[in-house]
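Comments concern the structure below.
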Amino acid sequence: MFQAKARADTLKEVVNVISTLVDEAKFTLNAEGLTIRAVDPAHIAMVDLKLGKEAFEEFKADESEIGLDIDKLNQFLKLARADDIVEIKHDEDKRRLNIVVGDITRRMSLIDTTGMSDPKVPSLNLPAKLTVKVDDLVQGIKASETVSDHIALVASQESFEMTCEGDLDQVSWKKSKKDLEELDTPSSVRSLFPLEYFANMLKAVSSGSSVTMFLGNDYPVKVEFKIAGGKGEVSYLLAPRIESGD
Amino acid sequence: MFQAKARADTLKEVVNVISTLVDEAKFTLNAEGLTIRAVDPAHIAMVDLKLGKEAFEEFKADESEIGLDIDKLNQFLKLARADDIVEIKHDEDKRRLNIVVGDITRRMSLIDTTGMSDPKVPSLNLPAKLTVKVDDLVQGIKASETVSDHIALVASQESFEMTCEGDLDQVSWKKSKKDLEELDTPSSVRSLFPLEYFANMLKAVSSGSSVTMFLGNDYPVKVEFKIAGGKGEVSYLLAPRIESGD
Amino acid sequence: MFQAKARADTLKEVVNVISTLVDEAKFTLNAEGLTIRAVDPAHIAMVDLKLGKEAFEEFKADESEIGLDIDKLNQFLKLARADDIVEIKHDEDKRRLNIVVGDITRRMSLIDTTGMSDPKVPSLNLPAKLTVKVDDLVQGIKASETVSDHIALVASQESFEMTCEGDLDQVSWKKSKKDLEELDTPSSVRSLFPLEYFANMLKAVSSGSSVTMFLGNDYPVKVEFKIAGGKGEVSYLLAPRIESGD
């Protein structure tokens, strides 16, 4: 059993995050809320999203899993204004999710979840931790997009820097410790990442909010941020690219 | 002879309606005003538009017919603001329509009307009548567009419903009688229509206005609405699709 | 040596003007300011842009030439708000231009200027002179774009007119002397120009400003306008098309 009501903007936040990695996802439900864990087809990034029942206007669920087409959900939510209340009900007999906004009902066929993977979140030792406004990062990403496909994240005890090296040009974005909300690392660390993944992930974060990043040397980056006004949280892992020696 | 002045937004309303069906149209003029009747190339829909002389700032016309390229007219009107006054004059010697907005004059060659059909409006007995806000309908249409190419319109004594059945998903939009401006039918009726035609027609109706629809069982729908602040009227007929038995 | 600070909108004005003709340009610097002179690949138009040192917040330069990719510069400037201060520094050792906006630094490889031409501004005797608001011209251009690829500029003692003759239609835009800021010609003159070049050039002029044009009979048009709040100036020459006799 799954039956809930939520503000449209809460559900849009969920869809924005998940759709950066996958077209279809398994929603795992229990009495406490909703969890979505997904890995992109190339196995480069993983997202782990938790939305507590307090993020909903109403929420009732037994332990269950439903497979949803994220794109269809996204299309439907575009019809709703941010503060519209969306009603969701799992019709177990017909294997459908019924979603209601105002006068409109969409009955969506569920996707079989048996083929969907159950990704495990790896345990990682990432020594550097920093917190930064997402809008600042997005400016740095935009400046980098025309220069190279990769971006290096570099944290030291004095600053956090993103650098992008192209054949001809170079872009760097740098914040000193005093201009960051938090910066804590025992030593300098640096890892290289695929720019497009990093950029898409940041686009899913609401403007005005902050993200916390955990970094190591040639290690994945973990990006954490809140959704649903703090009632949900996202943890995002992105695999590093190995830097060539030249 | 045809010589007139009109607000640009009045002419834009006319062009928006006609351009949903045809690229070229015959404008029929007489001392009382303008009539345009057009059928789309696939003979699926017909529009019958009447704009009385009181919809113009100035209007003088003998009985005449002029053939116009609707797309060119549309391009030219885009240069004008809603409250700009557009001057129109038929130059019979040069077979042109001269249109003036501000400092700009466009002299448009007329199209030969001899090949253009003179559609007759069929007499139909459509038992159900209802009036509804166009913006509400447009929301229902948008929700349907990704689900199927056809939409069913269903009127009963209690409600008016649009439903769209896809292979996997279903969308329904429903208003009960108390939420409609008008609903009057002796029995339940249902007809199926091509979604794209129905959607394009509704897009031509000004936001905020209402449309009146006449429906039967597997019969055309007639949609009526006002233009030019009530000084013009449009009647739109759309042929049904026969529902397959499965 | 070249080291300067300027408002982003000043640099955007420069880039908008130059990018209508070329992808790469030679910036000629001396203690007094910056000059850019460029001819499009088809040798149909020439631009001569001067930006005095007083248009910059800070400006220091020896006599030098640097070759820049205008498109890259444009991309980078899009990251800046109009009133952001952009820092520019020529790194002569690495043959780069370093540009800083806020936290972001882009190090751009310079382009070799040895292959770039040094266009000479021809001396022309253009009898007609007129000054007109660019926004009025742009309206006339938009009305013409769907009618023909060429536009005629016609000045008489009474009026200035742009006309565009297509196979079927004709557009004319006309201002009488009293509605122009300036109109001075000993006789009527008329020249025909490629519409796309003329349109692109006018799009680079800031909305709200005026342009001064010098015209002759089947002669180039010279268009002059100010940039950087009057602290820079642009002179633009466009070659005529010879009118066919039909």
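For clarity, chains are labelled A, B and C in written order, and residue numbers in each chain start from 1.
Convention: contacts are C-beta pairs under 8 Å (C-beta built on N, C-alpha and C of every residue); 3 or more make two chains touch, one makes a residue touch a chain.
What you are looking at is a predicted structure, and each value in this text was computed from that prediction instead of being measured.
Enquirer: Give me the chains shared as neighbours by subunit A and subunit B.
Expert: C
Enquirer: Tell me whether subunit B and subunit C, two copies of the same sequence, contact each other through the same residue numbers or different ones, using over half shared as the line for same.
Expert: Mostly different residues form this interface, as fewer than half of the numbers used are common to both chains.
Enquirer: Let me have the rounded angstrom distance from the C-alpha centre of subunit B over to the C-alpha centre of subunit C, please.
Expert: 45
Enquirer: Which positions in subunit B touch two or more other chains at once?
Expert: none
Enquirer: Give the list of subunit C residues in touch with subunit A in this complex.
Expert: On the subunit C side, the touching residues are 72, 75-76, 79, 102-109.
Enquirer: Under the stated contact criterion, what part of subunit C meets subunit B in this complex?
Expert: Interface residues on subunit C, with respect to subunit B: 136, 139-140, 142-143, 146-147, 168-175.
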